[in-house]
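The chains carry the letters A, B, C and D, assigned in the order they are written, with residues numbered from 1 in each.
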């Protein structure tokens, strides 16, 4: 109930603070006999780690994952997979200046009021550093989903008011290559350049900016998602909204769809060769989910991130005694989080799909 | 896991199909000694029930709630409160024409593929009729929250491309009166008129249209919400996305906030009288939630509904054998759901807040 | 968390008080396409219902189950199955004498202190009447398990100091016939006679007596049970201990096994025809469960019930103001509950096995 | 669902195999501002660790606990407390002889059949080594409960057919001293001597023996426990039955109570000074729990452990191909587990009480 776990059958529990000894995760419910490749986990973590480019924080962490359990001779055994990522670059002294004050739009105030105590160093548990544990777990989930041919892809589709054009998502491998070819992690190179320029200018101004990530999940079997409350898109929404700084989620036609008429918005079913297993829809306003259950089409969604709260400027605020104070802009921070958050969005999507896949398998095979 | 329950400590489980004997709900975890007023529950249900105006479906249901348990001499006893709402106007024959076909953008196809069987009458379990059970439960949650002075208000802020201006939310009672003064359930009377006209024209065209609901929760104590995964807004997102036809959710600054800079977006803390318990923020881009935890400011969010899938026109589709078929537009349906959905949004918000309130009480009082 | 639900994937939530309008249950997670036979549910309820013989309470309840949802044309649809059992013979006036006092060894005191309010009529929610809802749900679980050939059998193996001999459990149908041939529900006819005589004499003395129920589950597939905490026998223990009046649980060799040596107690594996799927053990001290996981042998366990607390005598006690009082023995009560509890034990066992079967199916088919 | 977590509000998740890199636990939901004393955790672990006396296994593990998160300046912060215990003495080669065979009455067979793969070294996840993680978590739970004056005490009350007399449990500190004065961990010194002699003789015979642990929890507030399914004793039962080798559980009057009459068994209420808060019972057949809810009296229960399966003798068995094989008795094992299990029983009891305390606090303070 304390909210540090996610998923039911494929379940993760994360721990750790920004400047404690380590962060980590227990993955419980990963089926046995899945190949667990430490190098793949590491390569995923490398996409999230700080210090990877000039538009990310300069904090240096190697973010090296250590698997403590649940894997035997390279395969999952069905027992909990514990992964620990030691914290290295803990310049805790950088944070003594925030020990007694509440930084604007951070979690300092709410943590202090809720718990009566907080590890103020780097934001403690409220730091997005916790998401490294999610990425490690997401890599395991992806390894599991790979067996079913399920592919997940996310990229930065918007920064500030810059918006990338819609992409053709048929070849996700090609898109992945395009995305990884630039530090903005936008799969449209022209827009990517624009984004990098803009983020860099924002960084130089000591400011930050928000952005948007668009994602697609392909080859999801028909039938995933549990009505009524655990609709597939409801769980995706919760997963995404649980990522630090996220303020909005939409799937399929999203907010724009709410302006349309039914006659424009309905997705017409088509069956090739009179085969129920070939049924698909012409359009995909439904975003691959109908009645909360996957229909076999691409699952599409978008996530909105607010601008990073830490700016390199002095801001008025209040201290822990209720007195006026100044929060000064120090430390090493991201001017825009979306480039590093792409892999977190993918990880959370993988975890949601893996959980629902297990749920679906349970019922699918139960009745004969 | 089958997804028919919501909440952890204040938990509801709903049951029932559109054309079965009854729908209903068990509310488990409602604290004892709360006054449970059947008339209040009924008045909430009346705001959702079909047939209440010319811009809603003409299906007639009295939606009369019967409390079967958990209430003794007008007070909750701490045991499960079961509420049953019998189905009355079950013109099941209206639905024989959809027995063998998959209506576009409905859940017919996914239910059939997931379960291998479906109660096709009125959409069965996938019908929004299920939400009546949520409204009844929400009324109980509201009764509980009332003790803490917590107020919840939602209204229709958008229909199609019509958008209501932002409201001053200081006097929710006045807004409620304005909202209930029109059948669109928009608290801005001028916009409401426009909406009603528009929905009526859409209805006459045999078409449907989407819309948006904006909500505010006031007087929420500081400290509700459980980082990391069960952030207050993440649970609100899941709650809202679980409502039929919802395609998008945002809180605080939302999608628009992702276009801003940190220097514009940060909410500056202010403490009146050097009192921590008086801390508030000038602006409220955070939507009353920071780090997933309520900060005492108004909690604000917006929900996007797609257009109703059932239109009064013939549409191409596929039947349960995989052959081409025509879905004809029959039956009694809503041209736009948002006016009836306002009370569902409030109910789900009440359930989320009640659940988090209990969680918070648990920890708050545990440590001494 | 309020404890009115049991199971994870095959999950039941019960509601209702002894003298409220109705008791009932929602069964969530029952796979689709299972034949749900109302007559079978009723026949199970009839084995638990009061007034069935001279050694049970004379309260009359027809205990007629009504299915409200989740079943379409005789088959489960995968949606929640709600079953309601109206209360009929509510002589609430019988209970005004206990309104203000705490009956010894009943739950009056603890409910009052926990909730600050209680429905005192017939014990309210603490009444074993709640178990009728479990029996209805158990009948559904049995219908599901039947598809896998899983059989469950329980009988009264002890009343007071009377103990039935161990039974050969190879032919459960024959044992069932023997059990149902007597009102004690002991499958050993000679012991049954002794028990009936004894219970009758206890009843005439205005007293009550405890007893024991032994159970066996056959043809459980290898692999059910989730280490570490959700061991199959741990969940069976919780299920049984949750039944009113149960004070003890043991499986396999049980308490007696704790007096043995390893060399006596170990179950030697044997494989017929060099076939892993034929592996079994000579002895079965393990009670069909090793490491918390079913090994394919018979699952055996025993449950101890304390004597019924309501006796037909005056007892000293305390009233709700903390003053000395007399609890007088009135009303209609069982002199010994085990004969009616046999079917409850079977129901709870069925629910545990069904839940673990779904869990196991999930993982079994997930990895390829 | 994979069963590696226990508790709802005060929740632990354990990981690790006998011969992997480490075992450990995440404690989620521990309230903030609790003093977490590493030395106390270590002293608890020392009571469970192997090699502590001649009647335990000679495997040497220092079992040094490392806190990775959730504690700041000696206090819990309300975030997950991760504790890791590295494995040191991993003589994995000792286990190559069991790689391909199923040891009698071990979990080798069931794990292999369930998962299709197993870490055979030392039993892998099925090893009781996992319980060290529980003991560490139990120490944290005890630290929390200490604030409420709740005391937990367990000791070895039986080994083989040797049975300790009932103890006066008024002074638990004195009993603890008596218990820790001997290697059997029986608080009755005379019986302890007998037990040690007996276990030693069993050990020399290359055999093993079962035993029993009795426990008491004092000063539990009235009101803990959630009817209907999550009765306090039902959760205690599950907790105890989840400990390796446990085959039986009883509370209060237990199995013996099922032989009694109501007139003998009922606990008469007494109120001193006409004060509801002083209500207690003369006798305590109820074991401190009525209707599943604590009544303020001592909570008493007993746990039965089967004899250790690993004996120093050759035993017939089957290999992983289904062929006959010999399991030879090698390695370092306990002749009797109960002396080391005493602290595990206490830990699990502490976790159950802590979880229910949080649940109760939640409701208690919710209604006004």
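Here is the rule we go by: contacts are C-beta pairs under 8 Å (C-beta built on N, C-alpha and C of every residue); 3 or more make two chains touch, one makes a residue touch a chain.
Every value quoted in this text rests on a predicted model; they were computed, and no experiment measured them.
Separation of subunit B from subunit D in touch steps, taking the shortest path, is 1.
Counting the residue numbers used at the interface between subunit A and subunit B, over half appear in both copies, so the two copies meet with largely the same residues. Computed centre separation for the pair subunit B/subunit C is 38 angstrom, with centres defined by C-alpha atoms. Averaged C-alpha coordinates give centres for subunit A and subunit B that are 26 Å from one another. Subunit A and subunit C have centres, each the mean of its CA atoms, that are 45 Å apart. Across the assembly, subunit A contributes 1-2, 4-5, 8-9, 14, 29, 32-33, 78-79, 114, 116, 125, 227, 359, 362-363, 367 as residues in contact with two or more other chains. Against subunit D, the residues of subunit A that register as touching in their complex are 1-2, 4-5, 8-9, 11, 13-17, 20-24, 26, 28-29, 32-33, 66-70, 72, 75, 77-82, 84, 114-119, 124-125. Against subunit D, the residues of subunit C that register as touching in their complex are 1-6, 8-9, 14, 102, 104-107, 109-111, 113-114, 116, 125-126, 130, 158, 160-161, 202, 207-212, 222-223, 225-231, 233-235, 237-242, 247-255, 257-271, 273-276, 278-279, 281, 285-287, 290-295, 304-311, 313, 315-318, 320-324, 359-360, 362-363, 367. Taken in their complex, subunit B has these residues touching subunit D: 1, 8-9, 29, 31-34, 78-79, 144, 147, 227, 357-359, 361-368.
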